[in-house]
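One chain, chain A, links the two complexes that follow: it is found with chain B in the first and with chain C in the second.
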Partner chain A sequence: MTFFFYLFATLTLLMTLLLLLSKKLIHLAFSFLGVLLGIAALFVLAGADFLAVAQILVYAGGVLVLIIIGIMLTQTAPKENGQNITSHSNIISAVLVLVLFSMLVYAFISQPFEQQTWIQNAQIQQKTLQTSTLPSTGILLMTQYLLPFELTAILLLVAIAGAITLLQYKNKSRIL
Partner chain B sequence: MKPHNEVVVFLQSLYKDSALLMPEWVLCITFLGLFVADLWFKKQRIWLLWSLFAGGLVATMIVTILQFNSCSCQFEQFFFAKMLYLDTFGVFFKLFLVGATLLTAFLIPLSPTFRAKENFFRGEYFYLIVAVLIGAYLVAMAQHLLMFYLALELISIASYLLVGFNFDKKSAEGSLKYILFGAFSSAMMLYGMSLLYGLTGTLQVGEPQWITTIFKTPTLLHYLALSFFAAGILFKLAAFPFHFWTPDIYESAPSPVVAFFSVVPKAAVLAFVFRWASWFPSGQLEWVYAVGFIAVATMLVGNLAAFWQDNIKRLLAYSSIGQAGFLLAMVLVGKDFNLSSLLFYLISYSIANFLAFALVDIFAHFFGQQNEMPYAIENYKGIGTVKGLESVAFLLAMLSLAGIPPLVGFSAKLLLYSTLWENYHLLASQWILWILFLSVFLSLVALFYYLKVPYQTFFLPNTSAIPLERPSTFYDVYAKVLVLILSLALLVLFFAPNIIMAAIQQIKLG
Partner chain C sequence: MLTINLSHYLIIAAALFCTGIFLCLTKRNTIAILIGIELMLNAANLNLVAFSQYDPTKLQGTTSALFVMVVAAAETAVALAIIINTYQYYQTIDPQKINSLKN
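Coming up: the complex of A and B.
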């Protein structure tokens, strides 16, 4: 179990690095696919089977395909010159990011997570790994999380209606 | 998994609780009604949609008032599986939010988008505003991080879209900027929430056990988690490290939307912030330092940057950043703060702000469609002799924002200072005294840029070659009546603050 965790964690990290370092959009999209699949594997190892499947279906299956289609439709002649990476502001942000990262690492290492009661309880019960989370997720969505669930409906309706509104204006003579 | 019986009992309690969501139901019906009506009616639909919109808001307001009246005491309760928490504080904020949205509805007919013929008006405008209001209503009551995040995201997504409703290049650019900044701050906030969940094991905030885990023995990770979480909130408030988006977005969005943004999402998030502030342990001063620092920095940034603006909307954007600093200064003192001074300040700020943005649009109409930059301050030269009423109203709005008697802004600032002074004695922290001095000093500084436009209108000669456009009689009368009502409100609330104070003083944070 631990071996697989480290395997997939390394894979995800490598893919993330590749994503950040790649210059071509299509390389970026495929390393992103690696990241998403790695995270899905980590979800499986954490016992979150529903989340893992949703991750693969929604992100790897939906979002990534959208990104690739987007790249296909918007691709223009490559402009590879003129990218000045070591500009002044980049150095500042690199320093800031490093400081934040080391702070986070220190904070995570020094935090006594194993003393927390809810984590201790979860370790004793070991419930999550034995049964599928799908039925309880469904029941929770329809009981305890009913209101957020319904709110998501309005959220999606707003997003769809808004996207259509913005698109319709492309056909008008106005600018945009 | 829960047994079957338990689920049924749970569902029955949800069914019972849904009666408490009455105002939200009315809002949702308005939202869907506008959605359908927008598809259904083709001709002459602007005013029809507008009246549906305003009617829905009035209905919501009535239902919210009923809720406010029915619940003065023993009302505080969790409902909907502890997702939301209802107390007089929350209901009052909801009332305030719907009132502000109704004012926005009255501002909309003044805006160029509403009048322009070739740029036919979109019904989406109305129901997106209603969607923001639904989100704001839920944020004001949220007691669960998932609920809070979804409601905030509803506000955000509808806002990103509303910024683009001028449908020109600038507006699209503003909208895109807003999405990028907003997505970034939401991501930071989500990360903070996930850390908070890891530290407490629950998303249910505000329970005694949760408060002790978070605030009693904070480690570095607690501080980091809370700062990440604060990022999203400060972004919505347009407070110090996350204020950069404000001027660009305010400049490119339609003015009624800007007036709406500078009040409604801010007030909703403030309600949430004040709940958090009431959980800060009163003995520890770190929280006072942190919030105080942000408040002071926000005031400084807003008030000092406003000097160099030559666009009236950018000036008002920086002014709203400065005002957010003043509002945040009230969070300083945890549970000991004086609620009524906050609410009074919020009301006075909103009225003046709405008046200012209404006048921005009215003046832009006078300057005409040929004018390339209808929001440049130099347009206002010498207009005071031609458009007396509007110019005086503008002066009143600016003076009220700056806090000059005899306007309601003065009473609000006075209340703020006296609250800070009391809390200085209560907490005996020099820090609060410094904040008090700085805010008095900055409101004096603010006077200079607030008077920038009135100076142009009254003391400089008109040099513009383009003659003023004559609005239609209906527009003229409508604008004058609206401006008169809002200006009178500024004056009346100064002389008789008891009109709202009586209601405000009943409000308790549960």
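Coming up: the complex of A and C.
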């Protein structure tokens, strides 16, 4: 269990490093696929099996394909793709991001999350995840979270209609 | 099931979040910025799931992460439609060059 966690954590972080170092946009997209699969594995190890499958279906199967199609439709001269702005502002952004990361890591290490009462209660009562979360997720979505679930349907419909409408008038007139 | 320290999940999520911010700040390409935003949303999902494993009856974190995922998928579809439209008008997706509103 612990071995697999560190294996997949290392995989995810290596893919993140690859993502940062990739110059071409298509390499960026494929290392993003590696990061997504690593996160799905971490979801399984955290006991969210349904969410892991949804992650692979929605992100690796849907969002990434959309992004790759978007890359193919917007290819320009090779020198423009995925280039960084300037080395000067790159260094400033890197320093800012590193400061944010070290602040976050310091906060997570110094904060004793295991001493929170509700986490301690869960550990004492052993009421932790032992079986699949799929039945309870389905029941929750149909009872307690029914309103957001239905609103999600409307949101997806609006997103589909919006995306189609935005791409419809490309030959008639310039909408921008 | 609970042998892994909770802060390890949080540190991995922080690394992913900072990578997303770095991509958004430095890349000169709208699709790379979109990938950065997706990475930040994924990091938030990882945090929610990591806390949700101590909450097996209510599963608040897992359910919230599910809704975040749906919204992220809808956002990507609309964002790519906008990007392709922008490309047809400006012949570039460099956010530095899309500046018709300037001056």
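We take it that the second predicted complex is superposed on the first by the 156 of 176 C-alpha atoms of A that agree within 3 Å, B and C clash if a C-alpha of one lies under 4 Å from a C-alpha of the other, contacts with A are read in each partner's own complex, and residues count from 1 in each chain.
Here, a contact is a pair of C-beta atoms (placed from the backbone, for glycine too) under 8 Å apart; a residue touches a chain by one contact, two chains touch by 3 or more.
Quantities reported herein were computed from a predicted structural model and do not represent experimental measurements.
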Across chain A, the partner (chain B or chain C) reaching more residues is C
Of the partners chain B and chain C, which touch A:L134 in the superposed model: first, second, both, neither?
-> neither
Of the partners chain B and chain C, which touch A:S93 in the superposed model: first, second, both, neither?
-> second
Touching A:M72 in the superposition: chain B (first), chain C (second), both, neither?
-> neither
So, A:F108: does it touch chain B (first), chain C (second), both, or neither?
-> both
Mind working out whether A:I154 is in touch with chain B, chain C, both or neither, as first, second, both or neither?
-> first
Could you look at A:L19 and tell me whether it touches chain B, chain C, both or neither (first, second, both, neither)?
-> second
What is the contact status of A:Y145 with respect to chain B (first) and chain C (second): first, second, both, or neither?
-> both
Partner chain(s) touched by A:G162 [first = chain B, second = chain C, both, neither] | both
What is the shared patch of chain A, the residues that chain B and chain C both contact?
-> 104, 108, 111, 113, 118-119, 136, 145, 148, 152, 155, 158-159, 162, 166, 174-176
Which residues, counting only chain A, touch chain B once they are in their complex?
-> 103-104, 106-108, 110-111, 113, 116-119, 135-136, 139, 143-148, 151-152, 154-155, 157-159, 161-162, 165-166, 169, 172, 174-176
Report the residues of chain A in contact with chain C in the complex, numbered from low to high.
-> 1-2, 5, 9, 12-13, 16, 19-20, 25, 28-29, 32, 35-36, 39, 42-43, 45-48, 50-51, 54-55, 58-59, 62-63, 66-67, 69-71, 73-74, 76, 80-85, 89-90, 93-94, 96-98, 100-101, 104-105, 108-109, 111, 113-114, 118-119, 122-123, 127-130, 133, 136-137, 140-141, 145, 148, 152, 155-156, 158-160, 162-164, 166-167, 170, 174-176
Chain A partner, complex, touching residues on chain B are 1-2, 7, 10-11, 14, 28, 31, 35, 80-81, 83-84, 119, 122, 124, 127-128, 131, 134, 138, 144, 146-147, 150-151, 153-154, 157-158, 160-161, 164, 167-169, 172, 198-202, 219-221, 224
Which residues of chain C touch chain A in their complex?
-> 1-12, 14-19, 21-23, 25-29, 31-32, 34-35, 38-39, 42, 45-46, 49-50, 52-59, 62-63, 65-67, 69-78, 80-89, 91-94, 96
